[in-house]
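Please go over the structures that come below.
Presented sequentially are two complexes of chain A, the first with chain B as partner and the second with chain C.
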Partner chain A sequence: MAKDRLTEVLERYEAVIGLEIHTEITATNTKMFCGCPVEFGGEPNSRVCPVCMGMPGALPVPNKAAIEWTVLAGLATECKIAPWSQFHRKNYFYPDMPKDYQISQYDLPFCADGRVVIDVDEDGVEERLDRETADNVTITDDGYAAEIGITRIHLEEDTAKMIHIGGAEGRIAGAKKSLVDFNRAGTPLMELVTEPDLRTPEEARRFAQKLRLIWLALGVSDCSMEEGSMRVDANISLRNHGDTELGTKTELKNINSFKSLHDGLAYEIVRQAAILDEGGRIIQETRHYDVTSKVTSALRSKEEAHDYRYFPEPDMVPFQFDEAFVARIRERLPELPDARKARFIREYGLPTFDAKVLTSDHEMVEFYEEAVAAAGVKNAKAVSNMVLNDLSAYLNTSGLGVLETKVSPQHIAELVGLIDDGTISSKQAKEVFTFMTESGDMPAAIVEQKGMKQVSDAGAIESVVEKLMVQFPDKVAEYQGGKKGLIGFFVGQVMREMQGQANPQVVNQVLADKLDNA
Partner chain B sequence: MSLSKEEVRHVALLARLGLDDDQIERLEGELNAILDHINQISQLDLDAVEPTTRSIPVVNAMREDVVRPGFDREMALLNAPDREDGAIVIPRIVGPGGGDQ
Partner chain C sequence: MSNFSIAELSAAEISKLVTSKEVTAREVAEQAISRIDAHEKDIHAFNQITPDMALAAADALDEKIAGGATAVELGPLAGAPVAFKDNMNLVGTNTTCSSKMLESYQSTYTCTAVQHLLDANTLPLGKLNMDEFAFGSSTENSAFGPTKNPWNTDCVPGGSSGGSAAAVAAGMVCATLGSDTGGSIRQPGAFTGTVACKPTYGRVSRYGCVAFASSLDQIGPFTKTVEDNALILNAICGKDDMDATSVEREPEDFTAHLGDDITGMKIALPTDMLETQGLDPEIKASIYEAAEKLAAAGAEIGEISLPHAKYGLSAYYVVGPAEASSNLARFDGIRYGHRVEDAEDVLDLYMRSRAEGFGPETIRRIMIGTYALSAGYYDAYYGKAQKVRTVIKQDFDDAFKDFDIILTPTTPTTSFKFGSKTTDPYAMYLSDVFTVAVNLAGNVGLSIPVGCAKADNMPIGLQLIGDHFQEQKVFHVAHALEDIYKFHSVPANLK
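Our next item is the complex of A and B:
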């Protein structure tokens, strides 16, 4: 869809977007209410017990670690931790939940009233038309920052996994039968609900990405959208600019990537606008975004509204968390992405751009930190250059992830060290880098093996320069006649003579000295 | 506040209970008797009384995050009417329902 169509619609309507993000807590050893292990995949129904299969008489007991992780997640998103909380039963009939209720939380969740600040830059900035005036927006050097309210984070149990057989694309429509696997059932599941503070598809994407980075920094989940350990649903409605009442919303579900979140919302905004433009009414419904056809379509409409009849879970007692408990969890808070970005700028002297790109990828930033630890803070910028240029380029062409290559942080640190102490030139380092990706050998060993050591000995370079001056008397004359740019020609010739092993700084010095004083 | 027959049918559907007209009639009376009782309690001034959802004064009952043995697979599938590749087979899903997962 054309981007300007979205912008055109956003000029006439304000989009109001709220997200519901489910994240499986994969950091615990066991499930939410039983001692079955938490893992991904495996043979169907191989990690189950009477509790997570909903057998009559089984007694669920809450996992202390899962609750502590949820409180930690709340603290990381500036939520208030409820002094009094409890689980509720959410009643509904579906084969993924054989008790016929899900243990969840209702009016007394563990965490409420938090906030996350998102940064929007590049193309996304233009989507937010009121960025200069909106209350929750601050203009920054390269875009804007927006504060997004967190309504609540509650904890519940994940459902069983169902595979629908006989329908299109494994969907339920048209399916002849379904297969149920209870391995996932009972996995601790955090649900975070935002305030309807998001105004553009880009903000929704940035929020989901930021939240994922925060969760990864905490280590609470592996946050894999493909494997379903992080699942994003989006509510979207339109209204006229200046209105305070919300329009009728639709809900986008089964979004399996950040791009789909953005594109699905963009499609939905344009679709709703077309209906409103014709004087039509938006039907409140759940819709699915199909990545192939790039359109949303209504999921089978529910024949009646949900009526979950929540009531306090009688199998469990409430939770009363005092300040000492919260303080103890707070001590576990690691450095979060924003703080880390600020530290890179402050202590490592990195440009904002470097700091931002490095901290926007959890694996990359951990890799970078390890390399800096090995190379020393004085080389932080050089390490950043190598990670963002050489390593990123290699990852792009190879299609590998940061942790999947033969290049470790120690490789990077050693290579930067070799440039720093003058053993090799930056140009030679690029060659070493390529050898390194192929063999996984350490840079010092490669330099040794290939005889790539940089020649910094002025005497050796001087003799080459003297030879060249005899060889190219015309060029020397032209240089001395004022064509100073010819120094580049001489540098090239020296490098060629010395198989690229001459130290470029020394070459420049020697050349300037010899040519100017000849 | 009292329940109509229609509301009794709705509640029966939510609970997936198949009730005939006689049963609906009887339950309408029984449920309304319970609601009358609740309505009487609602007349009282209970502002100073904490809602009671549990009869024992215990909080924070949790377990440590330690793996315990569960079912072996054969046991887990013993009651399944049909199975395929270790999964429980269920017939085509029809009608309303479904959580928000």
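Our next item is the complex of A and C:
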């Protein structure tokens, strides 16, 4: 997908995007309506019981912890918590639904009417044409911020996992055999629905990423797109700029990465525009984005004929949440990514860029916080530099995740401390860092072992400088004649003499003093 | 002692004989097995008989008694022969719901209420016939053939818990469990002259009882005596972590007021209900007679109106099928149950497995329920029916501000002949006209036999309705009626 093609289309049409994001609540140890454990993988059909297998006579009992996690998620996205809510049955036949109805929520979800603010910078900014005028958009230093409405967050049970053998693209149509693994069936599943407030594929991606960060900060889910614990569906339609009515939408399903979300939407926008350009009509349908072929295709399904026959779940009584309950859950709210970013700027004195990058990755920010806790707030910027430069570079080249290396926050803190107290130079620190990634030894031990201590003793440096001035009288003369740049030559010589262990600041100071006053 | 008879004795009496070592539990089990053998071909109360299970429970009990366990430790039901409606799961048995769909379905777990009775040292004799998935009022909808009424085998035992009623009335076992969604305990109780109670919604866990209509279903006992009924309810009631609609209550003993004077007890006759068209004059007369006798015993009789009860049947036939259509969706041939062998695809598998597995009444209810929940019809049917439910409940709540008990007929007629109503579903549905309102409102209702009709010599049952969780009052008054009428549930020819 050529980027300029999307930009060109977005100049002529306004894209209207809404997301439906399903997140498995992996923070609870048990399923939504029974006591079976919630885990990924495992022997098929090993974590099942009469309830989650839909055996005759089995009844669902709601998982209180999952409901509390959902309320917490609602509070984190500024939703209103319903004082009165209940589960409904969504009736449809499919082998991945053991009861042939899904216990979900209909008109009385636990959370509604919230918002999440997303930041768009770099490439994505230009795609939003009305960024100067849109009500929900604020221009920032490096792009813009957009407030995205949350329609609702409700709770339901996940389906079983199916494997179709012999059907096209792993679908049930035409399959010779279908296997069902009920381990996942009944896992608590939160569904968040946004307002159609998103206007570009980049905004959609940023929203999903931001939501993932919030969920991770809460600890509600491991949010693994690969393992399916976070799943994104996107509704997309086009209209002329200035129109208020929505165009016919298509729905992208089974998106398994943020990149696919962006690319699938970009493809769909261009595809829809081409149809509209020719005077055609968009068919309302569910489409699948294929990452290999990079195109979307219609899923053959009879879903448009579905009538889910929702009715209140009679196996459970409705829920009443009083203010005390909501207040109790609110106390569990941790610091959220935006608040943390602001604190980094305010209390750690980090540049906005640092704060933004650090808080855009949950593992990275937790790592950083731990390192700052060990190194002291006065070293917060130095820790940030090391994390964003040395560590990030190492992660890029090694392909490892933050938690997969031998470098702990304590390593970083100690290394920063060694620079701060002048034990080693920044240059030496780079070497120590490399040793650290290889051995996992603590920086102080490496410095000790390699005899890398920095010499800051002015006397020792002076004697070296004096020796060199004798050795290079002509350079001294040139320097004194005005070629001040030669100080670099002398720094190099001192460093060579002292095996790089001289404190560069002291060397500079001594050199300037001696050469100027010789 | 070998001249005891299950047909003559109550569960409590048998239990006393067993725990006082006058008879062994094994003797009780053996007699129950031989009585079932003798009468089952005429009555067909059972879908599955479990002699091995009963004998094993008996031997285990005899061992406890030999080991010195006291009557108090063993409980007042120890040694009582019992059986369960075939919609209740019991590991070691099939749970068929009298449907071809589940003909070979083996229980993977045990229903909470059933487990409570097993824990009470009762002897489980088997699983009892019913209308398929509890849809019906005569057991004629069973896929395995109807159960006969022990009082007249040309007549139906009522339904849907017809097997549960007949097994007690035939003296095969002392007590059974049934389930009641619109009258499925009380109506067969009335037809067979047994004491039959539908407890307050939430009183007994529904876990393990195959759901018909989740907001209406309740498990309850069939017995020959009021005391037995109260004892069984003592054993099976209580909050269950596996049923979110079961209710936590202070422990109470439902036998506490049996035999107490009923002076001052306020009993209401719903005069408008008693004018219901089709109410047998003998049954109507029996209500007024019972009221007089209760008044003579000290009760205060008054009249009330239940103006919305007449809409109960209509509301019930929307709510019940609607919930049933969803509850029965799981019988899809995928994980268990009947499945066609040569399905072309998943839709074909669903459609033909269900078409073959379900009987006509089940299909009718699923279709009614599916229609009632469909987009565009929900408000007119399900929504409206729920509103009717609210006003019916309000009628009862108002009545119970002034009265302890409401006395009504259990059924508009006594038991009817096989085939007499099978071609007219609506006539069959009318059997529940006095019972459905109690399910819709969630109250307790109990049917107590007060004699036989002169016209057909078939038992007449009267219904005592109590406020939510007022089972004690219901048993109290029921016991007074039992004392007055001294009706015997087992007909003389079967003793």
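Worth a mention:
One rule holds in what follows: the second predicted complex is superposed on the first by the 507 of 518 C-alpha atoms of A that agree within 3 Å, B and C clash if a C-alpha of one lies under 4 Å from a C-alpha of the other, contacts with A are read in each partner's own complex, and residues count from 1 in each chain.
Note that contacts are C-beta pairs under 8 Å (C-beta built on N, C-alpha and C of every residue); 3 or more make two chains touch, one makes a residue touch a chain.
Nothing here was measured: the structure is a model prediction, and the numbers come from that model.
Of the two partner chains placed by superposition, chain B and chain C are both touched by A:314. In the overlay built on the shared chain, the residue A:28 is in contact with chain B alone; chain C does not reach it.
In the superposition on chain A, A:177 contacts chain B only, with no contact to chain C.
Residue contacts after overlaying the shared chain place A:56 against chain C, while chain B stays out of touching range. In the superposition on chain A, contact of A:376 is made with neither chain B nor chain C. In the superposition on chain A, A:46 makes contact with chain B only, while chain C stays out of contact range.
In the superposition on chain A, contact of A:99 is made with chain C only, not with chain B.
Counted by residues of chain A touched, the larger count belongs to B, out of chain B and chain C. Once chain A of one complex is fitted onto chain A of the other, the partner contacts of A:91 extend to both chain B and chain C. Shared-chain residue A:66: touches chain B; no touch with chain C. Shared contact residues of chain A with chain B and chain C: 50, 53, 61-62, 91, 93-95, 100, 172, 178, 180, 307, 309, 314, 316-317.
Partner chain A is touched in their complex by these residues of chain B: 10, 13-14, 16, 53-54, 56, 58-71, 73, 76-77, 84-93, 95-101. Against chain B, the residues of chain A that register as touching in their complex are 20, 22, 28-30, 34-37, 43-50, 52-53, 61-67, 86, 90-97, 100, 102, 158-159, 163-164, 172, 175-182, 231, 233, 302-304, 306-307, 309, 312, 314, 316-321. By the touch criterion given at the top, residues 87-89, 95, 97, 102, 105, 108-109, 111, 206-211, 213-215, 241-245, 322-323, 325-326, 329-332, 334-336, 345-346, 350, 370, 373-375, 378, 382 of chain C touch chain A in their complex.
By the touch rule above, chain A contacts chain C in their complex via residues 50-51, 53-62, 89, 91, 93-95, 98-101, 172-173, 178, 180, 307, 309-311, 314-317.
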